[in-house]
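In what follows, a structure is listed as structure tokens, so that the remarks can point back to it.
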């Protein structure tokens, strides 16, 4: 990264206050500004950094500019937060996409690799797999038989995608995530547990992002489904036959047990557990660490293990914290009552 | 997959009702039947699908057949669920096992590879490791020094098995699971934590299945042990020196801390935590998300964090939910009592 | 491993009681001693094993020796536990470090590999990465662009370290851990969630050990930081922009949400969840499975979800378990009160 203040100002249509040749080579959060770095200030409570920051260039919301000169070069814009996002997106696009098949990858002769695809070294692509245009597959990835991956996806190093799974367009799968491992299905017998074959697959729709070290199991029959636009954090378990709708956000270390159905626009907190065979509606909020053991209607907010209404849980928890006092009050009442009886 | 109704009927000794040349190329769950697919109906509550399903062939329990002709071809058997399982197992066996050493694997000259073994590309087998007959090791697996793997195992892509660990016959280890990483052992000193060498190993007995992204740590000295027939789901932590008996089922994201001993035929729910140095008996059920901090006797069912008897937890939780009401009742009693005192 | 009793005695300056030529080829925990193995006894409650153990050689604290002869050969020292640790460390050092670049690794021509480095097969080192002296990188590791790794580190098989992350000296990163994956940052819009570029990095200071299957996300801008001497167990989530200080111990399956700051010498239990944007002080103890949703002062011990003072939680939990009885007492009081009113 190496830009002048005037280059940056031109990207975001900003007004320079100070040295337009100031050079930046990196980006800092405003609390830890470094010389030669760019940062931004969009809120009044950070505006004292305009005077004290070591950053060389700061993008600032124009209403926060109070003087004619500052130590750093400022770039004044309407909304510094938005302009900074625009800039970061631009920067990421400038990095370009990787392209080409690296030496040392293993691609089956029947696999179909579209144009402008990147396949890194030590990646293994099995028979009849199909990789869509512009998709980047980093080193050391495993792609099973008949897998279909759409356009413009990014599959990070060490991801594993098992036979016949389907991934849409514009998806990101982070490192060491496993898609299409066998579901956890066993028949109990007197001698032990007998494996139930897991013959379905996983379908991941367009615009899904899945973090690192997740396990998304294949269906017993049919498909485990992750709907369009859903974003899944790290270390998450999605069991066999789960169906997740569109635009959900699921935080790290949550787990969804088998055959549960989840609607659209839900927010599921970190370390939440959801039992199998239930239905979560739409726009539901599940607080972190909750244990959900029954179906949930649209727009509910829930908390606790087992999870109940968020407000009810908090109200009960206040009394839980106060239980020693509550019991003391009962003791007093009993003593009073006895006193009275003895009167 | 491509079978006619008559081929399927012959595998499971069923009676065809309809077109015996009907062709199936896949399998659907009955709720989402597709044309050209096979499904099954074993319960009365699904029998309306006999008339409405798009499936081409349906295996059905004979007592559910009420008419002479149906739209799909039916295959009537005594127990449709069992017959379907038989069929799925048959189908999986037909897929065959992979065999042979793929180009691009790295196998130490002192390693012993038995007959009919598959070793995928980019798999690394260290010195003096031994791989038993018929075992399949997928691409990108790491096998450490002196590791012993039994017969007919399947080790999925990206699994890591560290030095001197031992795996029995007929085991399945899924992708990105790490067996024999160092236990978490540090000596506190004034300057910081000093690593305690972890010199033991992990022993996995016959017929064990371990899901993806699990961490099974090696013992400090001696062995961490997973007993015969035990099934472990995804994202599970088994700490150093844990001993797990036979035929346990452990659900996703559970964690067992160091040196704990677990008997046989236990069921451990998802996201359960078990502290170190305790003893879980046999046939114990631990509900999901429980935190077990003391030893548990045979046949108990427990819940909560810290975990107590399942029924006691549920009973107390009912009152927990009702605490605001309970406290209101105490307020009333106190007011009444004051009123009386004032009388 | 093959040593005589006299060799071992010389390493730890011990006094032999018995056959000084006794040969050991392995190490057992004292509860499961094996012939030909070494063990140790440092506590009186284990001293009956001096007579019954099958071990060939036992290191024993001198105050526990009560007779002139025992079946196994004894090596008497002041503190058997410490001497055993010394011995195990010595043994591990004897194993030596791996060295050299294995065939089949892929190292970019602009990467800098220092002296005495090991790079295993199928490991991928990207452009301008720098690997310090004596560092061992096992097979199948991914090292991104511009990554800097210090001296004498060990990076286990399947670890992934993304672009521009920095790792200090003497660090251990276990298998399949992902360092520098994108933080989980999305802008909600009416059409769905828009990715916020994650352009920062991860900085891991000296003497840090990170277990297997962990996810340590890169900062949005700036750095996610793991401080000197901190030890992190398996399956742990550290979100973007988290700052962790020195000499912390974090147990398996814990998760720390974005932008939270953690001081020094804290102990964080297994499966703990910490919300984002809060501050944990120093020498704090967080009990396993706790959910921390507000800042915590130095030296507190906390428990519960949401977490409160450890003692308060336990006191309240005693009453929680007793709630059915508590409610019965209220019923009685109400009945008495009614009786009185009716009198």
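In this document, chain identifiers A, B and C correspond to the written order of the chains, with residue numbering beginning at 1 in each.
Simple rule for what comes next: contacts are C-beta pairs under 8 Å (C-beta built on N, C-alpha and C of every residue); 3 or more make two chains touch, one makes a residue touch a chain.
Treat the numbers as computed from the prediction; the structure is a model and nothing was measured.
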Copy pair subunit A, subunit B: interface residue numbering same or different (half cut): different
Rotation in the CA alignment of subunit B with subunit C, degrees, nearest 5: 120
Whole-Å gap separating subunit A and subunit B, where each centre is the average of the chain's CA atoms: 25
Shared-contact residues (touching 2 or more other chains) in subunit B: 104, 122, 140, 158, 176, 213, 235, 253, 271, 289, 305, 320, 326, 330, 333, 337, 340
Complex contact set, residues of subunit C against subunit A: 104, 106, 122, 124, 140, 142, 158, 160, 162, 176, 178, 181-182, 184, 186-187, 192-193, 195-197, 199-200, 213-215, 217, 219, 221-222, 235, 237, 239, 241, 253, 255, 257, 271, 273, 275, 289, 291, 293, 305-306, 308, 312, 315-316, 319-320, 326, 329-330, 333, 336-337, 340
Of all residues in subunit A, those that touch subunit C in their complex: 27-29, 32, 39, 85, 88-89, 91-92, 102-104, 120-122, 138-140, 156-158, 172, 174-176, 207, 209, 211-213, 228-229, 231, 233-235, 246-247, 249, 251-253, 270-271, 288-289, 305, 317, 320-324, 326-327, 330, 333-334, 337, 340-341
